[in-house]
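You will see chain A twice below: alongside chain B first, and alongside chain C after that.
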Partner chain A sequence: MTAKTIWLILRKDVLIELRTREVLTSMALFAVLIVVVFAFAFSLDETRAKLVGPGIIWVTILFAGTLGLYRLFDRERDHAAMSGLLLAPAGPLAVYIAKVLGLVIFITVTEIIVLPLMLAFIGVPLPLEGIPLFALALLLGVLGFSLVAVLFGGMLASTRLREVLIPIVVYPVVVPVIIGGVKLTGAAMGDGLPGEADNWLRLMAGFDIIYLALCPWVFTRVMVE
Partner chain B sequence: MKAPQSSLRPVFMPLLLGAALMGVIYFVFAVTPREQQMGEVYKIFYFHVASAMSCLSLFFICAIASIGYLVLRNRKGWGRIATLSDQVAHGLAEIGVLYGAIVLTTGPIWAKPAWGTYWNWEPRLTLLLLTFFLFVGYLVLRAYGQRDEKVKNMASGIAVVGIPAALLTHFAIQLWKGGNHPQVVTGEGGGLADPAMRQGFAMAVGTVALLAIYLVWMRVKTHQMRDEVEMLFLDMSDLEEARR
Partner chain C sequence: MIEALELSRRFGRQWALRRFSGRFEAGTVSAVVGHNGAGKSTLVGLIAGLLRPTEGALSVLGHDCATGPRPPAVRSGLGVMLHQPYVYPDLSGAENLELVSALYGQPLTSKARHSALHRVGLDKAARRAARTYSRGMLQRLSLARLLVQTDARAWLLDEPATGLDSEGHQLVVELVSELRDSGRAVVMVSHQAALVEALADVSLTLERGRLAS
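Our next item is the complex of A and B:
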């Protein structure tokens, strides 16, 4: 029952996206623009690019992800669609999981489109042997961000202050993921101490596990009337 | 109807706490010895660290009260306890943010002479700053909808999710900086060599914590009164409706 509801909600979001393409277009465009702004703000050259490159990538993920989050829940606001979803037999848990999966998919697709451009713009070479580590960091980081963001996004979507409140509460919570992501990206680009990467992977995996357990519980408790 | 309170009670605690704070200030400035390297600036340490300890405890207890609220709110017969834990959580968050503001103001004043910069990304500082931001968000949300049931749920959710994040951030930054932050902050042991310093520190921690408890209690009272007024108002409008 739950699995079917999750699939249906996820399918609905992806189908709407395939027909309108509004979320991915705006996320990708926004991400590229952030990189362009950073390129000018830091007047990037080769040495500086290596220093700030990983940071730029993760700030972009964070901002584009927030944009995607808004869009993901904006759809459910009209005609009290959110209440309808919550009333589905599988309950709030299915809604939460479906939205997390949706956000992970949207951010991942955006990254696949934007990353090659970003690497070219920033000018950091990503060696072939660094790609698996980088991909793992992206996966863990995007999952961690989505777990927290969807919890707060879903909770606060009905308030008038959501655009202000969501970043205020989401960003402090995901700081460990950002630090870990930046460090791992640096390691994938051949920076940092050997063996350090394992610690960061453990930290990010720990974050994901803790919030994988905590967020669904909180979401269920908060959203049930 | 409650019996009218004696006129002495509202001033007793403030007077006692005021006197205790004066005592601590006197002790810290007149009795404790000058710290050799930092001199007089060191005195701010007593209040800074005492406030920081209270602040983090307040946020932590707020998260626990919020868990209590989320667990109990739909159970039959637990409604009153759930309401109380929500009011307590709200009060704790308010005073926690107040204390956080004290810590984040006194910190840089002390850090400039001690470390040479107003700010560094030391694990404890960062932990406090991020938790502070999170609970500012909490209060913004609370202010948006005072009596709204949904707002209470959301606020509790924020408090519950915040605490593991704070611990993870602390851990992450320790990993990041390799744990070589200044020893002075450790408080006990290295920092407080003189027995008078330890006494002063203990007095400051105790008094500041008592003040926090009193302030939280005042806020909880205020929230209870507001709820009561709201209920009376609703009753009244029901009555008027019925009369018509």
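Our next item is the complex of A and C:
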């Protein structure tokens, strides 16, 4: 029942997105704007681009992901839809997993659209041998962010100051995976010391496991007021 | 089917519901009435499982539901129609009904879907996005759930006739009567005296969070 429910909620979110294109359009536009602003603000040459490029990429993912999170939960707030989902037989766990998968999908699609533009604007060459490490960093980073963001997004979805509160609460918690992502992205671009990447990979994977163990458990308990 | 004993809920320092005790039996329509802020929606939220009681005991369909997570048997056996219609505006009426039905493990055949939407008067608007529905049409779509969630042994209805015309009122009377006749327990919150008079076997009045004597 849980797997079926996860699929139903995920399919519903994707179907609505295919019709409205609200989440992906706003995320992608916002991401492009951030990159353009950073690219002009720093007047990047190749050396500086290597230094600040990974940071720009991850700040963009973080901000665009937060925007996607708002939209994902706004749909559930209208007409008490979230209450309806939480009352279904599969319960809050299925809602949590479906929302995490939804956010991971939306951020990944945004990255696929925006990353080539980002790399071109920032002017950082990504060597072919660096792509697997970069992809792994993105996977672990986006998963970690989504696990935490959906927990607090669900908890704070009905509060008046959610747009302010969600980043204040989520960003400090996901800082370890974001720093890991920045360092791994740098390593993928040929920056950093040899062997350093393994440590950052372990750190990111470790935090993802902690989030995976704690966030669903907390979500199922706090969604009943 | 549903039994509350000294059930209480506090928000901050304010008691929204205080020491409510009552039984809601199978084959009975129990109306919960009272002024705004009397605690009716809090009672619905507690029985539905959206709120956790501060004190007291609650049994739903034979399971203790005052503490801890609810078993799936209670979740699928308890139908809840909240004051706001549980609808996604970007899905059509038919898609909304299919989604709710599938979430409750009861996939709809196209015949059953058509029949339910026809019964609530939405068959011609079934393919339109729910965004284009009026308030009354959204309420009718919610009412269609009463026809498709057949596993529900008890129903909580919070203002089921909101936004409906006189024909819609009659539809609510018919649907709720059918639930009662098929042995379901129905707990109905309503401000509409005519609806309560037409349907209620038992009437409970709440005043400032307490059951009036």
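Note that in this section the second predicted complex is superposed on the first by the 224 of 225 C-alpha atoms of A that agree within 3 Å, B and C clash if a C-alpha of one lies under 4 Å from a C-alpha of the other, contacts with A are read in each partner's own complex, and residues count from 1 in each chain.
The rule is simple: a residue touches a chain if its C-beta (ideal position, glycine included) is under 8 Å from a C-beta of that chain, and two chains touch if they have at least 3 such contacts.
Keep in mind that what you see is a predicted model, and the values were worked out from it rather than measured.
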- Query: Of the partners chain B and chain C, which touch A:P89 in the superposed model: first, second, both, neither?
  - Reply: second
- When the two structures are overlaid on chain A, which partner does A:G180 contact: first (chain B), second (chain C), both, or neither? first
- Touching A:A80, do we find chain B (first), chain C (second), both, or neither? second
- Message: For A:I16 in the superposed arrangement: first (chain B), second (chain C), both or neither?
- Response: second
- Based on the superposed arrangement, let me know which partner A:V224 touches: chain B (first), chain C (second), both, or neither? both
- Once the structures are superposed on A, label A:F152 by its partner contacts, choosing first (chain B), second (chain C), both or neither. first
- Larger contact residue set on chain A - chain B or chain C: B
- Message: With the touch criterion stated at the top, can you tell me which chain A residues are shared between the chain B interface and the chain C interface?
- Response: 224
- Message: List the residues on chain B that touch chain A in their complex, please.
- Response: 70-71, 74, 126, 130-131, 133-134, 136-138, 140-141, 144-145, 150-151, 153-154, 156-158, 160-162, 164-165, 168-169, 171-173, 175-176
- Task: Flag every residue of chain A that touches chain B in the complex, lowest number first.
- Result: 148, 151-152, 155-156, 158-161, 164-165, 168-169, 171-176, 179-180, 183, 199-200, 203, 206-207, 210-211, 214-215, 218-219, 221-224
- Going by the contact rule at the top, pick out the chain C residues touching chain A in the complex. 45, 48-52, 69-70, 72, 75-76, 78, 80, 82-91, 95, 99-100, 102-105, 138
- Residue numbers on chain A that touch chain C, as the complex places them: 1, 4-5, 8-9, 12, 15-16, 19-20, 75, 78-81, 83-91, 220, 224-225
